[in-house]
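Structures incoming, each one as structure tokens.
Okay, so chain A shows up in both of these, paired with chain B first and chain C after.
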Partner chain A sequence: MADILQTLILGLALGGVFALMGSGLSLVFGVMRIVNLAHPVMIIAGAYVAYWGFKLYGIDPLVMLPVAIVILAVIGILLYKLVFEREARSAKYSEMTVLLTFAVAMIVEGALGGLFTNTQRVTSPAYATDAIFIGDVFIPTGQLYAGILSLVIIAGLALFLKYSRFGYAIRATTQNREAAELLGVNVSMVALVSFAIGIGLAGAAGSLVSFVFSFFPAKHWEWIAVLMSLVVLGGMGSLLGTVVASFLLSVIAAFVGTYIGATWSTMTFFLALFLILLVRPQGLFGEKPELA
Partner chain B sequence: MKRAIWTVAGLMSVSMLALGASAQAAEPLKIGASLPLTGGFSIAGTKHQQGYELCVDTINERGGILGRQVELLVSDNRSDPATAINQYERFINVDGVEAVYGTFSSRLSFPVASILAKNNMVHALPAGGALRIYTQGHKNIFYFQPNAAEYVGASLAGVIADLVPEGEKPKTAAVVSADDFFANGVWSGLMGEKVMDPADGSLVRDLAPGYLAENDIEVVFSERWPEEGYSDWLNLANQVKRSGAELIVGLTASAEEAVQLTRALKTVRAEPKLVYFSQGTQAEYLEGTGSSAEGVLVHTSWHKDAPFESVLAGEPFSNTDFVAAYQEKFGAVPDEDAAIPFAVCQGIEQAIIGAGSTDNTAMGKWLSERTKENPVRTILGRFNWDELGLPANKPFLMTQWNDGELQFVYPTDEFEGVSAMSYPKGSF
Partner chain C sequence: MMSIAFQDTSNVLQARAEHNAKLALRADRKRVTWFPVVVLGLLLALPALQFVGNYNYVLHLILFTACYATMASGWNILGGFTGYISLGHNVFFCIGGYFAGMILARYGVSTLVTAPLAGLICAAVGYLIGRITLKTRGPSFIISSLALVMIARILFDNWHFVGGANGVALPANDLSVVWAKLPYYYAFVVLAAAAVFVSYKIKHSKFGLGLRAISKDEIKAESAGIDTRTYKTLAFAISAAFVGMAGAIWGEYLTYIRPNIFLVILVSVNMVLMCILGGKGTVAGPVIGAILIVAFNEIFVATLGSSELNILASGLIMALALMFFPLGVIGTLAAKHRLPRILNWD
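Our next item is the complex of A and B:
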């Protein structure tokens, strides 16, 4: 019983981190139909912000989190203006952005490698390798803090989207871009701000990732498939779906790792992606696409 | 008049030939290296580039090889075997390199070995310890680490037999490993598995009963994690802890994996007697793990304090010289990922000088004729090879992290300066 409970806790702990890693990706797709393959490399960039704050000034990664959000959000604004804005009205926008974001990912990876070398890094606040033990069962404090903060940030974002005026505009644009524009929504501004928020969320995730996983510039290639499987399973563009999928898949992967084998735990994410595309392509919380 | 014209023409021809010969002599000697500068192996690949560059720069400062400056061509293979193959083909058939340096990792070296053999190039490997690479029948293949991965376990067995007091030796082991070419080789040796040839399924070596069984150590937990994308380290560490194993063997394929596993073992509060990892000598391992690294054993091919004497450009060049030169150029203390490629570069240089040309057949012959008394001398020590291309009678160094320093603890009779091994490990 203790084994089952422990596995559940470890799965949930990992799920919290994945939820934040995937939420920015989901938001950007939901509002702008950008399949942002550069999202994981932005998480790495956020992790570097936290790392240097910790390394040079001893600042806790949790304290560096807002700094990483701001820096990455500014990078997001510049990136949107330079790369994505011009083609925003193209009929092939989504398809084009796959290639564009792939190129951005490679450029950012190269830039990070040039700036910080390809050496692997990790921040080491005391709680990162500590745990709360209750009998035989333990809760890793690093993942616990990261998971709680992830949920707080995602809840804050959800409240912003639901109750703020700008949140209405974002949701309206997500549902129907043309209709929102006809009703007076400045969709260009909505897209810009949404992209900045999405990349800012990558910065936040990076701060948390910096003490949960070690990282280096090329690490993002390992994450993209996992994050895509979370977002697709949850329903592309659905924030709630991404959170549910993150917890669900992480818990399943933890049980697979414990009772079947570590090799198969990673496969869980890809198998889920395969199955959901076969059975329910719109994902758990996505809307069925309308037929033309 | 006619004779004078012929005389002048003759003189001009001789002059032009001389000029041509001189121009050829001045032509740089191109050497190619395809390295994983991006992708999963980028950390080690970047250090390999530094090792090669430092060696080539030093050779050039000392007058080059056979009077010719060396031009190093490095291409990024993105940690992809197919790209590595294409780049070596390009080096040989388009860029006209006269020699090559090997790439990093068994996964890339295995297919590259066939291409270099097909083109009759000397293949000096800085990394590529899987035994299967050397049993393909390739000639001119020379490994610049002490032995194949399958035999790494001999050093761990030696440590347990010689350094751990009787009655305190670990009796149970948890063996966890990356599903990686090199790590799988070490696993086979420890667990006593059969090594098969992937091409025809034939038996390469039967390693039964394995180094652990030979030392009466029972394996109570074993698990492999996938080569890429694994993130469930706490779960794995928890299973290791719950197995109650006294010896933890972590066949990590990179320093990054060693960091993840060490931190996870600390989090779950594992308390083994002995811990051995196959990667973790790098400075970033210590940075990522801090005091948790204390007591962790890691095998290595090189150590900064090893008193190896070697030659470079015909002059003495010690291991200490290498450490100083590396620190001056890159501002950091080197680790084996930079030292091993440096030794490869030394080996190729000595082969060219020994053969008197860049004829790779002659270079290969010269290298294969090296003996214990007349070896290749590198900062990794002396090298001569058996018929497979594996070094003869060269033990791995076993190192241990103690007081924030990587100290070499085994073998104890190789050279002076061996530190006492701390035992038992206890908590992380």
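Our next item is the complex of A and C:
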């Protein structure tokens, strides 16, 4: 019984972090219809921001989080201006952008690898290795903090989308780009800002990830499929869907890891992605099969 | 009335058939068939250089190019003709390599003999996988192909029968250093020629026409009576077969099979990149792309010598090619009516 509870807690703790990792991806797809394969490598870049802040100046990764958001958001704006703005009217837009983001992922991975080498890194603030014991079960504090903070950030994003005027414009663009444009929404501005927010969220996720997982530039290939499974299961573009899917899959993965074997735990995400794409490509909360 | 209408139709159809035959004849007369044949002849005669010195490096480069030309041409059948971009074709490179490699390691049968069999196995696996993943389209097909690589990587890393992540060492052949590369050289040159020939044949068949229709608009193709599902699954199987055969021989050439030789992202990226750079959906494109990328890699690795920078450079080339050069060398030249006739293999 304690085993089951323990596995459940570990799964839930990671679920929050996964939700934040996937939310930026979901937002960018919702507004711009870009399947951003470069999102995971941006998370790694954010993790490096936190890592160097911690390593060089001893700054806590949680303090570095806003810095990582700003740096990554600026990178996002540059990327949008340089690459995606001119592709907006391309005929095979969705396929083109997948391949382009794939190329961007390679560029960033190569740059990070060239600058910082491919050794495994992790930031180690005191709480990262600590745990809270409740009876027989323990909660790792690092994952707990990361999970809670992730949910706070996602809640902030949801409130921004729901109640601010700009969030309203973003949601309108997600629902129907042409209609939003007709009603006077500056669609390209919305796209730029939500792309920057999306990549900024990758930065936030990165600084949390930096003390939850060990990372190195080439690790993002694994995360591409993991994050895709979350976002596709949740329904591309649905924030709530991404959160639900993250908790669901990360709990399943935790159980697979405990009872079948740690190597098979990531397999859960890959198989899930495969199955969802085939059985229900619109995901849990998606309305129509956008991706198919 | 009816009979007259029918008579008219048959006349029109006959006239059209005659017109088409005339066009085809004209195209055939303009086609420079001798050029690829001469290139192939030169490549087959080239190892004679070994009598006067040691040109193993030259042979290696051509062998490597031919290996990638085979794979890129194979990829092109699915990615270029049919329009389904797969980033996971190195899975078949891996399956082919492991199938033939394990037979070599256990029973000592050379992969040169088992390569066609490896091709068949990969075609069968490709057919089954294609049956499932080709239900998706566009971006989700690309994502599912990436997931396939991840699944294959975990399976091969943990499959103890084939040595897990450490892989299996294969016996080297007992030829002298000067001649050791020759069997693989000839195998790859013949494979590349076969891949180009099959691409050409497919492009000029009803099957190829159906594939191109699918890449333009699948729903219209379906409603025009094309069995799209069978067509694209067959295209998947054929392209998997070529990649698998290349993998089979590549394993013996390296005398080692290991997941991180086959299942690295750079292998599948190279296939895609060669086709985009050379010209997606053309017969000569993948070959031109293979020559360009192998030459570029050779210069790049020789001067900078780092795999990280190699990834960076591949990404840069891919992004720039997609943004400014989407038709590739052959496609761009053809669009400007500047394509030299010796490169028009379509």
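Criterion: the second predicted complex is superposed on the first by the 286 of 292 C-alpha atoms of A that agree within 3 Å, B and C clash if a C-alpha of one lies under 4 Å from a C-alpha of the other, contacts with A are read in each partner's own complex, and residues count from 1 in each chain.
We take it that contacts are C-beta pairs under 8 Å (C-beta built on N, C-alpha and C of every residue); 3 or more make two chains touch, one makes a residue touch a chain.
These figures come from a predicted structure and were not determined experimentally.
Engineer: Looking at the combined model built on chain A, do chain B and chain C fit side by side or clash?
Structural biologist: clash
Engineer: Between chain B (first) and chain C (second), which does A:E109 come into contact with in this model arrangement: first, second, both, or neither?
Structural biologist: Touch status of A:E109: both partners.
Engineer: Quick one: classify A:L182 as touching chain B (first), chain C (second), both or neither.
Structural biologist: neither
Engineer: With the two complexes superposed on chain A, say which partner A:F216 touches: chain B (first), chain C (second), both, or neither.
Structural biologist: In the superposition, A:F216 contacts chain B only.
Engineer: Considering only the touch criterion stated at the top, classify A:L56 as touching first (chain B), second (chain C), both, or neither.
Structural biologist: After superposing on A, A:L56 lies clear of both chain B and chain C.
Engineer: Between chain B (first) and chain C (second), which, if any, makes contact with A:M1: first, second, both or neither?
Structural biologist: Once the two structures are laid over each other on A, A:M1 reaches no partner at all.
Engineer: Go through the superposed model and pick first if A:T258 touches only chain B, second if only chain C, both, or neither.
Structural biologist: After superposing on A, A:T258 lies in contact with chain B but is clear of chain C.
Engineer: A:A126 in the overlay: touching chain B, chain C, both, or neither? Say first, second, both or neither.
Structural biologist: A:A126: touches no partner chain.
Engineer: Between 55-63, 91-99, 163-171 or 253-261, which run of chain B pushes into chain C after the superposition?
Structural biologist: 91-99
Engineer: What part of chain A is shared between its chain B contacts and its chain C contacts?
Structural biologist: In the superposed arrangement, which is not itself an observed complex, chain A uses residues 109-110, 113, 118, 217, 221-222, 225, 263, 266-267 for both chain B and chain C.
Engineer: Going by the contact rule set out above, which residues of chain C touch chain A in the complex?
Structural biologist: So the residues of chain C in touch with chain A come to 85, 87, 132-133, 135-140, 142-144, 146-148, 150-151, 154, 157-158, 265, 269, 272, 306-316, 318-319, 322-323, 326.
Engineer: Report the residues of chain A in contact with chain B in the complex, numbered from low to high.
Structural biologist: Residue positions touching the partner: 3, 6-7, 10, 13-14, 109-110, 113, 117-122, 124, 128-131, 133, 138, 140, 142-143, 213-214, 216-218, 221-223, 225-226, 253-254, 257-258, 261-263, 265-267.
Engineer: Using the touch definition from the top, list the residues of chain B that touch chain A in their complex.
Structural biologist: 37-40, 42-43, 45-46, 79, 176, 179, 223-226, 228-232, 234-236, 238-239, 242, 254-256, 259-260, 263, 266-269, 284, 287-288, 290, 292, 428
Engineer: Mind listing the chain A positions that touch chain C in their complex?
Structural biologist: Touching chain C from chain A are residues 35, 37, 83, 86-87, 94-96, 98-100, 102-111, 113-114, 118, 217, 221-222, 224-225, 228-229, 232, 263-264, 266-267, 270-271, 273-274, 277-278, 281, 291-292.
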